[in-house]
Amino acid sequence: MQLNHINEQGYARMVDVSNKEDTFRVAKARAVVCMQASTLAMIRDGAIKKGDVLAVAQIAGIMGAKQTPALIPMCHPLFLSGVDLKFTLDDESARIIIDSEVKTTGQTGVEMEAITAVTIAALTIYDMCKAVDRWMEISEIRLLEKSGGKSGFLQSKKQ
Amino acid sequence: MQLNHINEQGYARMVDVSNKEDTFRVAKARAVVCMQASTLAMIRDGAIKKGDVLAVAQIAGIMGAKQTPALIPMCHPLFLSGVDLKFTLDDESARIIIDSEVKTTGQTGVEMEAITAVTIAALTIYDMCKAVDRWMEISEIRLLEKSGGKSGFLQSKKQ
Amino acid sequence: MQLNHINEQGYARMVDVSNKEDTFRVAKARAVVCMQASTLAMIRDGAIKKGDVLAVAQIAGIMGAKQTPALIPMCHPLFLSGVDLKFTLDDESARIIIDSEVKTTGQTGVEMEAITAVTIAALTIYDMCKAVDRWMEISEIRLLEKSGGKSGFLQSKKQ
Amino acid sequence: MQLNHINEQGYARMVDVSNKEDTFRVAKARAVVCMQASTLAMIRDGAIKKGDVLAVAQIAGIMGAKQTPALIPMCHPLFLSGVDLKFTLDDESARIIIDSEVKTTGQTGVEMEAITAVTIAALTIYDMCKAVDRWMEISEIRLLEKSGGKSGFLQSKKQ
Amino acid sequence: MQLNHINEQGYARMVDVSNKEDTFRVAKARAVVCMQASTLAMIRDGAIKKGDVLAVAQIAGIMGAKQTPALIPMCHPLFLSGVDLKFTLDDESARIIIDSEVKTTGQTGVEMEAITAVTIAALTIYDMCKAVDRWMEISEIRLLEKSGGKSGFLQSKKQ
Amino acid sequence: MQLNHINEQGYARMVDVSNKEDTFRVAKARAVVCMQASTLAMIRDGAIKKGDVLAVAQIAGIMGAKQTPALIPMCHPLFLSGVDLKFTLDDESARIIIDSEVKTTGQTGVEMEAITAVTIAALTIYDMCKAVDRWMEISEIRLLEKSGGKSGFLQSKKQ
């Protein structure tokens, strides 16, 4: 087994997907932001008002998904046909769960776009709350499921 | 206590730092990539060759730090006077620890740049290894310490 | 009737166009820059020389069209198969009329690309002339017509 | 009087500000989005909910301000120390007035950043509402006032 | 014969490729970096270690290829299905030959992407070695061959 | 002697310039585009008209200079206080000589910005003329002189 991003000279390359078929592809990913209970309360309060932390995180996540090929060196530039994010506020554990869903029709998957979306959304929450909670932590960034392409539908066993 | 990124209308703004003094500022951050032991071995093997996964992650992290103000909506555009990353391969737990250090002289800190650097480096490791280990997980993204500015030197209690 | 950019949580999303068909699409848009008669004369004079204000505005408009998905949060990244701009110097009213035409074959329209093109061209004219005419005004930024997609050909009633 | 963006060969150049002093600079600009009364009502209704059109426009405007030197060919890249936008809903005329304020300490002004901020915010409102009101129009994009630099404080006579 | 990038007004436009068919397209390009023999030796030595100059150049070249439409004003934004670079160290002439291969399926070719890839890789080698060899020179940037599209396979006579 | 872009782990880093003083810095660079005599004639003819190839190349070069830190992995993001390009048409050798001058006041030099400016200008000339002259070649990309910083004024011996 080999890392297929490495060329014959041992350097990284953008994997050649020229012979892959265009298929409809979906990827879902997650990130979790852990914080103080008081920070979560503050975000929840803001969310009743007009412009809140999660609204900014949502937009940053969507725009971040579009920047994926400019950020991740070996990612293919591609068209995205849909990007959405969902936030779940978990009061018990004082954390926000961010879930993304990204869609495309193309020769390669959108796993990285889905993961980048939740990651940039999480960083934005951190940025907007760091003045009141500097030691927040982002964790559990991972792929939840993907469909389309040669490997078809795959789902993380960890739920 | 209030989230200072919110203006009078309740919308997000770029915090006004016009009255802050230019000081020398450093921020250090960390991210951890958890994987299968075989994936870590594969990365370690690659690292003896010329172009390896960590070399790509290193460059992606540095370039990502420079993109921070384009990614995080309320971040100030700023000059960076130094960016470096360090990778620690932890065989026992089959994970890679990514540490960054970012420096500037300016009116605002580089915490987000340091965090973005380790995050983009982590996403790049995921991207380059996902063909062999799809369910890798990125966690513990957090600030380690910062210095400079009004709040001076601050260090995470968690080590 | 509802704003279709809003998801179930009430946040903005990139509208899902996965089920739309690829069709050939064209959009035309306009912007108008109002200025002092002497500024218009200066631009006209420059236009006889080699490198003029309108040449810069033309290029900025075309490059701006390509940046649309990076600027407008909910815009889909897409391929453009043609972008052109036309400038009409209206001496009577001391204003420049900028018209754009943008083409693509895809699942979503290029209205925003056409509007962004004329807008960035207009901002560039302002930037290059502001040293001699600081209070210029940009107005009448609007879609002129669009074709392709489910709604087919539509034209502004205002001409 | 001459357009100072033109070099000896007659081509555009980035004006040399090397000899200008660093001063504190502020610029304010405005854009107006005209729409159907029902569209304005829809935006106002959304504004009571969590994620609304104006929240997206606000963020797009701030991020747009940061992209100014990448969009406007002859603009200098610079640090911004503060960016904010304000929206005024004018029910009588069915229009939204967008006002921006941008600050920096540097060798050149932030007029273009202030104008770009309101412009991108206006384009975003158009984009999010075009499904219900395709013929909206953006107008009155102009500088309101500026301070700092050699010319000091200047204010538009038109209010 | 005419430059097809020029519109009726005499200004540059993005050539309309709407009527071109989607075909599989490949382009290969080259750049050469001339340096002191001692610099080449230093690069070769580094290449045995983990993170070397050529690894950075490789990644910069691939990322540069993706930025082509943002850099070259009249280039069409497009999907890339594969990008790779190869470095040949020529000890006799103390130079590094950089070859790229870029692939897409689309309405327009990837010559500019292939040329941009080798160029940015060459600039990166210069940047990383300029502290030890300031007067290095980059030359022979040119297309080697292209295939696909109306003109089919074409190869440079100069080898 | 060592490549100072390499850190202790052997990976690339952004060189730490935190301790360097802000000085006024200028860099001049050159690129040469070799073409068929008929192509040069065509460019010269266009140059008498309004929007010509060199006007586009000029703007692309200036905008490219601003993108340098986003393109060259280890380059520092910085403010530029002036960018200009000059084109010399050499009929005898059927080539265009592109010279750039870039200025800043900062902790690090603008050699890469000056070189990137001429390079992107050269690529743009190639792009706009490749339909009539596919085998054009870009060469002699090099630094002409630099001033400012610890090493002061330095000039290429090759003229």
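Note that the chains are named A, B, C, D, E and F in the order they appear, and that numbering of residues resets to 1 at the start of each chain.
The criterion applied here is as follows: a residue touches a chain if its C-beta (ideal position, glycine included) is under 8 Å from a C-beta of that chain, and two chains touch if they have at least 3 such contacts.
In this text the structure is predicted, and so the values were computed from the model without any measurement.
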item: Subunit D and subunit B - chains in contact with each; value: A, F
item: Far-end chain from subunit B, centres as C-alpha averages; value: C
item: Classification of the subunit A:subunit C interface as same or different, half of numbers criterion; value: different
item: Farthest chain relative to subunit F (centres taken as mean CA coordinates); value: A
item: Chain pair showing more contacts of the two, C-F and C-E; value: C-E
item: Inter-centroid spacing, subunit F versus subunit D (mean Cα positions, whole Å); value: 31
item: Distance from subunit F to subunit E - Cα centre to Cα centre, in angstrom; value: 16
item: Sequence positions of subunit C contacting 2 or more other chains; value: 7, 9, 11-12, 50-52, 54-56, 58-60, 63, 67, 70, 73-74, 77-79
item: Every chain pair meeting the contact rule; value: A-B, A-C, A-D, A-E, B-D, B-E, B-F, C-D, C-E, C-F, D-F, E-F
item: Sites on subunit B touched by subunit D in the complex; value: 7, 9, 11-18, 20, 69-70, 73-74, 76-79, 106-107
item: Of subunit F, residues touching subunit D in the complex; value: 24, 54-55, 58-59, 62-63, 65-67, 77-87, 103, 105
item: Touching residues (chain side subunit F, partner subunit E) in the complex; value: 1-7, 9-12, 42, 46, 49-53, 55-56, 59-60, 63-64, 67, 70-75, 111-112, 115-116, 119-120, 122-124, 126-132, 134-143, 154, 156-158
item: Interfacial residue positions of subunit D with respect to subunit A in the complex; value: 47-48, 50-52, 54-56, 58-60, 63
